[in-house]
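Listed below are the structures to be examined.
Presented sequentially are two complexes of subunit A, the first with subunit B as partner and the second with subunit C.
This part shows the complex of A and B:
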């Protein structure tokens, strides 16, 4: 019955009588006028740079003759030598930190979702928002105070790992979860909040143990959120530049710092467009990740919204 | 009391262990930073001097002022572009929704570094022939004292966050009924927007604005590659030599943005929290 009484929000205008078409057009014209600036703006400030990137990544100027031509050489070279090392460094760092952060973040989110203090929850969520999205530079400096050469906790960490320094791969592995765990908490919290107490009670009433509940009810519902959170952590870690640059000044080979160094002219003549090719590579990798994430998000949303 | 004890009893040890570890990990650097800035280990004395020096540090006020205006421009731009578009989509053009939603997702795929690579290429085109209108536009966009190009890119960068926060706000009110009621009473569109829709979106707009403000203050990647010196770049440049000052600034900016976001989330209750959770 609910279907019959509830008019579909989206199709209401379209299914109106044909007689109304003449009246609808000027009204929709106004609506188009409201959307158009956004579309045009995105085309200019997002579409144009991305198109420039695509175009430049397949262009190359020969330093000897000065002739610019289309070529796949930039893209090929971006997968060789120091550029390949940087790409591997980024992928390794991102996978490692994303796995750790996804697991720790999920457990943390679960603990917070079950706590009843609204104040605590709000404080954690807003703090996560700050750390996950805007930490970058301030975060790097806090870590310099904590674990830098003169840091307060450096001695303690060196007892575990004698060779520890903040401007190494290990250092970045220590720092990155600081903004990835909050990101994981933010992305999985809605799903955890959406797990209804009644479901657990229903499972218990039917004789299921806690394990049965997580195996057949909680787990399958959380899985998309968990994987989605992992993908976002990977992407965020992969795209991070500020933290790495502030901590290592580019001594740890990462794709983002490598792109930035090429963009600032730190490259052989003729290879100027390698930065574009590498940027294109990162876009492709992030797009693949998104292609995994979006269906997962849609799937978990279907269960949690109803 | 009994309820509290019972609740404590049910908390499992592993959860306590993991939460303690996470808390130490997350709070440790903040307390280290605080300790580092207030305690001088050579003189063995406490002092809040680094926080006082902040305001007299060369370039601090200039960079803060510039960043603040960059943030305001970004916020204005973002609202002017998004608010009418999203209202129109909600009311009249629902079939455009997937398109706008995917545009809002693109900045998550195109990382700031990649976007900057593209932008610097486009900016480079304008420099080819001196004296043309394109060259002048290019120079204006890259004015060192107020680089207009930054808010223009930041508006793209905050699209995912802004879209989600506005979307959550719009879904929470029955927009169609509100608009039909006020139109039925004879209110013209601008009045409906100003007196009916915007007040209902207040918390969504406010938290969107605060998130943008924080993002612009923390943004380093784009500004540093395009060689401008707003706040975050200033901290790094200034931080190469001296010890306590950049750390004091960092701690202060983190805590300030958190405090403001926390307050805003209370103004809006649950709705504002939803804005941050769905940010990504």
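This part shows the complex of A and C:
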């Protein structure tokens, strides 16, 4: 931006005009100016759809008369019966898979971060980036071929768990970590990289064991990133639907398959508003999750700021 | 900020705005220029005759269809032959979508040039949305059975089929392939069929799966008013260890996870034809104890961007060629009985359809809704 200044006047020959002594301040939009495009983008592509969801979820068209009116019936219905079961099933599945993936992902990330091979680290990070988004029907078919009734590895799995079947809740808990663990590795690797070896050595010098180190030094530093990774895994697992639908055909109640069957199915018609109400409920669940996560994260990072 | 950065950011902003604004465009008028407004015509004769319709359609030059997979009921051939015959380009949006997607497109793309002109939806999505369709009666209207069409011409059945049981005998050892629903539930067969029986998805979401449950219900003492026995039947299959909740597709049958597939005859027969080339023999049987058939319905968008082309497409589908082509895709055309009497069925295509004895019943709108609600409420808890 050009700064408007008058060239300094030399000599006192022109006394008609008063001499400018101050420079004109440049217009400074500050921090708000810098973030405005992001805010506009979020408002249009995140805010407007949420508003549309909210609006649609409180409307209902009476099939007999065709009159559309405001009603809370959709929201009530979405918290009862099969939809409540489905919401609870989704939450259980997401929490369980997020915990499993968080633990396994952390251990994997630590193993990779500790390794000396640069190529290995690079390869794992790249692969994680791809696999974290590998879901849906291709993933379902991979697992059908591997662990389905005629799967290659089914015999091995049945040695550990004789009653194992892929099209159950347990089967989904086996399948989901396939894309959640890479997600966890991706999010925690930077934090693990930030743990300096010198801190470990310092802790050992002061007489601390490995457990002391992780409990007092490594753990607290990692905790914010861990929590963040866990929440990401929860969200990713909560939103997954195509894989579950292909594998279980609705026998494991999940809120995402319920929403899909109402909004883009071939059987149920005229219940789109109920689908909107269910979608609104998932936003509520995510908001609850954030309400738990944000204070925890703030608390865990507090000592880092001091 | 230096000048180059300023110019670049301005250019990027303009480009972004242009892409955002450039996508949707209101449709131009039908462009026929002739005196007929084809969007209001309820038949070819009312609009001035077939030749006028063909001319107007050719002038429009293109047709928007939606959710028509090329391998479903021979739609690939139908679309190609239509384009070859009339020179009208067909754009198929979202080929793997659902009937719900089609209705959503009709509702939300009103006035856009990319809105669908015609839809092919299941009965469940045709009956409640009559207000979205333009009434139109094809030239062969009287050949379509009354139970398969709306009396005003809002929607009309095009093809359908029976629920069948397909079976890959090479993956079953110890007993023969099932030919009826009773065979599936026999405890003696449970060991041989363990984890092998599947349906085409979630009954609350996929029409083929929903119909499979209804067929099972008819085989077990249920009726078009009562689908609960069907849910109980699949719960029994699950308790026997025979039911596999995986969504059965050609790939899963080939791989061996779901060698027994309860699905529409046009799907199962298509799989059989495709897998024959790979050396797998799939036998398709219509179960005598659970005879359930349903037809998919055609309808024209009330606000179709290409009304004449839409109507010509319908005329084509209901011509002898079109109906025979559905048989080429292993589906039963709606005009089957009339064509059989008039002896216009193509013998080669007819050989594709398994023999069926008995008359099927077609569910009404009220029966459909009641059954859907029952399945939605009970499926997961019965099979979970």
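Basically, the second predicted complex is superposed on the first by the 228 of 306 C-alpha atoms of A that agree within 3 Å, B and C clash if a C-alpha of one lies under 4 Å from a C-alpha of the other, contacts with A are read in each partner's own complex, and residues count from 1 in each chain.
Everything that follows uses one rule, which is that a contact is a pair of C-beta atoms (placed from the backbone, for glycine too) under 8 Å apart; a residue touches a chain by one contact, two chains touch by 3 or more.
All of these numbers come straight from a predicted model, not from anything done at the bench.
With both structures placed on the common chain, the touch criterion links A:260 to subunit B and to subunit C. Of the two partner chains, subunit C is the only one that A:247 touches; subunit B does not reach it. Once the two complexes are laid over each other on the shared chain, residue contacts for A:144 go to subunit B and to subunit C alike. In the superposition on chain A, no contact is made by A:102 with either subunit B or subunit C.
Set side by side, subunit B and subunit C differ in how many residues of subunit A they touch, and the one touching more is B.
In the superposed model, A:270 makes contact with subunit C only, not with subunit B.
Touch criterion met: A:28 reaches subunit B, while subunit C stays clear of it.
Shared-chain residue A:282: touches subunit B; no touch with subunit C. In the superposition on chain A, the residues of subunit A contacting both subunit B and subunit C are 140-141, 144-145, 150-151, 245-246, 260, 263-264.
The touching residues of subunit C, when paired with subunit A in their complex, are 1, 97-101, 103-104, 122, 124-125, 128-129, 131, 171, 194-196, 198-199, 201-207, 209-210, 238, 244-247, 251-252, 255-258, 372, 375-377, 379-381, 383-384.
Those residues of subunit A lying in contact with subunit C across their complex are 1, 63, 66, 81-82, 85-86, 140-141, 144-145, 148-151, 165-168, 245-253, 257-258, 260-261, 263-270, 272. Touching subunit A in their complex are the following residues of subunit B: 7, 15, 18-19, 22, 25-26, 28-30, 32-33, 35-37, 80-82, 84-85, 87-89, 91-96, 100, 103, 105-122, 125, 152-153, 155-156, 159, 161, 176, 189, 211, 214-215, 217-221, 224-225, 232, 235-236, 239, 243, 246-247, 249-251, 253-254, 257-258, 261-262, 265-266, 273-274, 276-280. Within the complex formed with subunit B, the subunit A residues making contact are 9-10, 13, 27-28, 30-32, 34-35, 37-39, 41-42, 45-46, 48-53, 56, 104, 107-108, 110-111, 116, 121-123, 125-147, 150-153, 177-178, 181, 183, 186-187, 189-190, 232, 235-236, 238-239, 241-242, 245-246, 256, 259-260, 263-264, 275-276, 279-280, 282-283, 286-287, 290, 294.
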